[in-house]
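I am attaching a structure below and will ask some questions about it afterwards.
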Amino acid sequence: MSITPYRVPVVPKIKRDNYIKLYEKGFRTDERDFYTPRKISIKTNVLEKANGSSLVKLGNTTILAGIKIELGQPYPDTPSEGVLQVHAELSPLASSFFEPGPPDENSIELSRVIDRSLRDPRVIDFNSLIINPGNKAWVIWIDLYALNYDGNLFDASMLATMSALYTTRMPELEELETGEIKIKNKVSNRPIKINKRIVSVTTAKIGKYIIVDPNLDEEIISDTRSVLVFDEEGNIVGAQKTGMGSYTMEEINNTIEISSKASQVYFKLLEEALENEKLER
Amino acid sequence: MSITPYRVPVVPKIKRDNYIKLYEKGFRTDERDFYTPRKISIKTNVLEKANGSSLVKLGNTTILAGIKIELGQPYPDTPSEGVLQVHAELSPLASSFFEPGPPDENSIELSRVIDRSLRDPRVIDFNSLIINPGNKAWVIWIDLYALNYDGNLFDASMLATMSALYTTRMPELEELETGEIKIKNKVSNRPIKINKRIVSVTTAKIGKYIIVDPNLDEEIISDTRSVLVFDEEGNIVGAQKTGMGSYTMEEINNTIEISSKASQVYFKLLEEALENEKLER
Amino acid sequence: MSITPYRVPVVPKIKRDNYIKLYEKGFRTDERDFYTPRKISIKTNVLEKANGSSLVKLGNTTILAGIKIELGQPYPDTPSEGVLQVHAELSPLASSFFEPGPPDENSIELSRVIDRSLRDPRVIDFNSLIINPGNKAWVIWIDLYALNYDGNLFDASMLATMSALYTTRMPELEELETGEIKIKNKVSNRPIKINKRIVSVTTAKIGKYIIVDPNLDEEIISDTRSVLVFDEEGNIVGAQKTGMGSYTMEEINNTIEISSKASQVYFKLLEEALENEKLER
Amino acid sequence: MMARPEKFIDESGRRVDGRLPNELRPIKMQVGLLKNANGSALVEYGLTKVIAAIYGPRESQKSVSLPDRASLRVRYHMAPFSTEERKNPVPTRREIELSKVLRESLEPIVMTNYFPRTTIDVFVEVLQSDGGTRTVAATAASLALADAGIPIKALFGGVAVGKVDGVLVVDINEVEDMYGDADMPIVAAPDLNLVTLYQLNGVLSKDEFQEAFDIAMNAITGIVNMEKETLKSSYQVENKEGDLEK
Amino acid sequence: MMARPEKFIDESGRRVDGRLPNELRPIKMQVGLLKNANGSALVEYGLTKVIAAIYGPRESQKSVSLPDRASLRVRYHMAPFSTEERKNPVPTRREIELSKVLRESLEPIVMTNYFPRTTIDVFVEVLQSDGGTRTVAATAASLALADAGIPIKALFGGVAVGKVDGVLVVDINEVEDMYGDADMPIVAAPDLNLVTLYQLNGVLSKDEFQEAFDIAMNAITGIVNMEKETLKSSYQVENKEGDLEK
Amino acid sequence: MMARPEKFIDESGRRVDGRLPNELRPIKMQVGLLKNANGSALVEYGLTKVIAAIYGPRESQKSVSLPDRASLRVRYHMAPFSTEERKNPVPTRREIELSKVLRESLEPIVMTNYFPRTTIDVFVEVLQSDGGTRTVAATAASLALADAGIPIKALFGGVAVGKVDGVLVVDINEVEDMYGDADMPIVAAPDLNLVTLYQLNGVLSKDEFQEAFDIAMNAITGIVNMEKETLKSSYQVENKEGDLEK
């Protein structure tokens, strides 16, 4: 069951008005233009014992992604593919809005949007993750851990996911004399096979304005938000309206164009980060 | 843990008094006599994709029963029998008294009384549900879903269960070359084997009166209630005192006689419904 | 998550002062000296159908230990050892402080301290509990059930555990023609193999005093508590500071000496109890 | 798992444990054995052992408080070591149902109107299960309520009537319950001629069903007399040792 | 499990169930069938059947009460018998997400400011699932809110647009959803030109993505017209029999 | 799973990772890295990385409010990617116990009497686990409390003493913990000569037990000095980059 949030801070109308006045002049409170995401920092391999990891800061929103790879069974309906599991935790360290406990609707929505964007567009080469069709497959656990929340968890989480995937190293197997297959080394040098890069672009609608990468204040005063996920060819590989409001068709078309352009910015930053880490392939 | 209900509406003493005054004249508020259940409507096969289904209205109490049959394992202590699972959901759609959440003591009691009445008297031929003794058996899932609650969930649920069972079609199996057994078609033409018909008769004790098929108002003002389940030979195949009060031995004997007679009414209505559906066998 | 207890009775400062005044004279409220546990009664084999059982009273603190032994699988990392499961239930029968529900941090701490004290020092001969290495092993379920709580659950639970273990009889196996191994009799005459005896000694620090086996009042007014577990050679085989306060190093050394001496008292009482039960081996 | 006996009644008319059809198992009762509870009782029918504890009346939590009466909270629970296979302590659907029917059996007996806005807790724990646990629980609850000094309209007790090899038998044990034709637990207050709980699992004719009540009422009358004796002697000899410690 | 069809569009341009790409499944609507609910509706798109019930506005629990508006509680739930394999009634992560996006689709439509400090419950139950359940749920919610007399800004409805064999198709069924290239559920209030829910699972070009909205808006306009007809006739003929009972 | 080493101490007296028995792993400390928390710290002992965040004091929920002091809420939690096998985020019995003993280690140190009726949250998250996580958590909590400006009686820290091949060693890593003879985590505030947490898993003689405290106190004194340096430099250089991002 989902209930109208009751713990969200009430936004004084005046604050919203001030934001909109600034927008009328073409500015945002943090001096960005409407279409530019905040400063992005991406550091990969921050966890020595995980198969892949990345710490992403999008402004002050901080996401740590950790990837563990384990032996498991393929799903009965996809016997020749590996298994993907995406989980997000909105940890109480990250914000006074987050309480300890089982994942709430926000963390479930976040992880399911990331999951769908990886799965159906086959961002990961799932067929390369089968060991023994119908029987043994790799299970990819992607855990997204919010360390600081200042708005726009989607884009930060997607950057963390992609950069962690790009630095993920598969475990190494060995076959025992009994024929049994076991993990010999938790982490080898072999990368995981990635088919394509994707980025998420979140925009907020505030009055008549559509702005890219809202920070927390902007999220709170926004009418509603759109998450569009793009691949490098410009296809849309995932979408989610999130938040309580609505869009006119004109606003949707506008949002698509703005998001499509902003996706190029994210791709550029992602590529730079991955190059900095000397992990291109 | 069970606690005295605290969400039940308080019955003004005057309302109870008015009911009893009417009983003294031999009437009930809905113009029934003491021993006649409300109008019953039974429609089977309302769900095309289930193995069996039935929508039962007993007055305004509405129960939807859906039966799904799946492959599973027999219990270790009954290796040559199929498996029965009965679950009832007192859905929040049905009444403002019902809250979303895990099954409470009332829905658990309801499903367990139905379950026991089917199991021990062997209403279903459990031996016909074994595929491979000790290893593979059919699992019969009976889900009772309350859509509208106006008293007497037991009798309505039992009618829904029996009529759904009578229209239940088994899945069809196929054996693969590997010898593995799989479901070929979810639903075939083959009926499930039923040994006997049973009906539940709920009576309420209100003051010195024993009335059949109490509606919600009568349930609320009742002192206590009795559920007696009968087979067509007049045997009692299940019983449950439910509700907070008590019975004298005289009242129990009275209840048995009244319920036994009322069981014939239920049987007649059940038979008519099944005939209407042209599903006699 | 652990939160500062809010249901604990507030101790009037005057009560604590009175206790300390008495300590200054060398006495406790129940006329014990500082280093002597309360009267101990140990009755074993109180449950005919369990593999082992014991009812222990330490003053008015009453613990019933029941041991069930079942067939199971060894853990992957200890393929040639049996499996130990220790669970404690602070039942609502035992105290108005205990609420029904899943185990809280206190019962989890209690069972884990007992578990660790049995496991690592190998009090039970785990290798004798393997039936088929990597595949079939005995699972020892030790359930500690608090019936009355008057302080010091640790020492009473450990006495109950040890005395129940000493009277535990293994099930008897049989091999079917199919080669399958099954339990023939739930309880045989064969005892479980015990390597050593251990006792727990709980002390409370109240002001500058260290007292052995605090009762409930003493627990409530205590600054903090120490649980030290000893074997018969005087080694420490388990330890836990429990409670909200702190120790100076001097107090710790003092606590070790006092506890070490008191362990001899517990061993003596345990031995007497086991002899009374004519179960020495 | 217990095996099914070939016969439930032998040539001499005796049951698997040697009892006659109308014979109860040896019954033991003891009150006041738990120090903290306001009242407590341990009751054994053969190997079935159930302990009951009463806490309260104490002020209700506001959300469940009733203005005109006390709330009853009843927990029927099986200790992990009470069953053939070790039982997970998480309440099962069975335990939830039995807590409900036991509570409903107490509601007409306890004088709840004396204590508005309070809660009376009745915790019963099955220590060892060998058939009939819910009816032993009722007997233990009756004694524990009396021990706690909670006003009740009358003492009550429970017994399970079964049908094996076509014969109605009283106070069935686990084998008779598991493999018999019917199991009918009944709780009653015979001094008031009131039945407060019944359930039936299995098949009985109408006549047998009525006869089962007669058998139960007769047995419960004896059980309640034992309760009275137990309470009387407990006032004389305080603090006697419990049967669990025999 | 359903098998993957070889082709999703045959030579004559027809889909696996014979429909044209822009053709909806047969749609049935019925309101007021649940007596206790303040409003209710049963909506079917082909074999997908969803029932919605409204309770409220009723006073909010204090902890969740909002001073300036009503709270919405929305539960999207699948009945255990609604799916291919029997579904455990415990809410899945999918049901939790869909409850959220459905609630968020209602927030801009329901005049919550009329009822401060109250809660309006929208319970939708999927009785049978054959694709598009969340969009059928939206249509059922629209009708049920109207039936309950809750003021809403406009009627709304939902439909899922898919892509199979490279073609955009409207109102996809379960096979098209499972094996198609894209599934895009959309909820809108066409009279206000407002889109209140969209999601995409799969891959679409930017142009296809925009075209999907046009297809959906067109379909939803027709669906909302059916809602209006249904509501109009329900005021005339009260108490007509439900489709579940045809 | 890690394999058991043949020897824990080689001929030259060095441990499996080259350390001497009394040698700590390389320790890194950083404060203030989380923007929203009132205080935060990241502490690493070798590969063990723990982050701590403080929220509060904020007004307590009424049901848990204490009239004379602040309540502490402490959560020790392991991130799913912190362990050898991916850890389910649902709290384990181990995490529940460690949350309790960590809370109890903070109770005598935090000046809770300054903030009646409030709650102070201490959230510690193990990001990577290589032995000694609870003691690293204590050190991180000490720094985070100081960073939050919560009055504490003294800085404190933790270290685990172990016994391998008959030798007491300080700051054990995961292999030494898993296969060693004893593991004894200790938390202390050396400036006050106060021990606030100890546990023992394994077997030690009485003398070894006492020696373990001496070893720990000595190590913790050094750790607390590092804390002081860290806090001092953090007041000078604000906002330095975190070690997680080296």
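A, B, C, D, E and F label the chains in the order they appear, each numbered from 1.
Here, contacts are C-beta pairs under 8 Å (C-beta built on N, C-alpha and C of every residue); 3 or more make two chains touch, one makes a residue touch a chain.
Everything numeric here is computed off the predicted structure, so don't read it as measured data.
Under the contact definition, chain A and chain D share no contacting chain. Shared contact partners of chain B and chain E: not a single chain qualifies.
Interface repeat of A-E: among B-E, C-D or B-D, over half of the contact pairs recur, by residue number, only in B-D. Distance from chain C peaks, on a Cα-centroid basis, for E. Chain centre most remote from that of chain A: D (centre = mean of CA atoms). Each chain gets a centre from the mean of its Cα atoms; for chain A and chain C, those two points are 48 Å apart.
Centre-to-centre spacing of chain A and chain F amounts to 31 Å, using the average Cα coordinate of each chain. Centre-to-centre separation between chain B and chain F, using Cα means, comes to 58 Å.
Distance between chain centres (mean CA atoms), chain D to chain E: 51 Å.
Residue numbers of chain E whose C-beta contacts span two or more other chains: 75.
Touching two or more other chains at once are residues 1, 100, 103 of chain B. Shown here, the protein chains touch around one cycle, each chain meeting exactly two partners.
The touching chains form a single ring; listed from chain A in the chain F direction they are A, F, C, D, B, E.
Across the interface of their complex, chain B is touched by residues 34-37, 40, 47, 49, 51, 53, 55, 58, 75, 77, 79-82, 84-86, 89-90, 121, 123, 125, 127-130, 244-246 of chain E. If you check the complex, the residues on chain B that touch chain E are 41, 43, 46-50, 53, 55, 60, 62, 64, 66-68, 70, 87, 89, 91-96, 100, 102-103, 141, 143, 145, 147-150, 186.
Every residue of chain D that touches chain B in the complex is listed here, in rising order: 1, 63-66, 69-75, 91, 93-94, 96-97, 99-104, 107-109, 112, 119, 182, 184, 189, 193-206, 209-210, 213, 217.
Of all the residues in chain B, the ones that touch chain D in their complex are 1-4, 6, 76-77, 103, 105-106, 108-109, 111-112, 116, 120-121, 224, 231, 234-249, 252-253, 256, 260.
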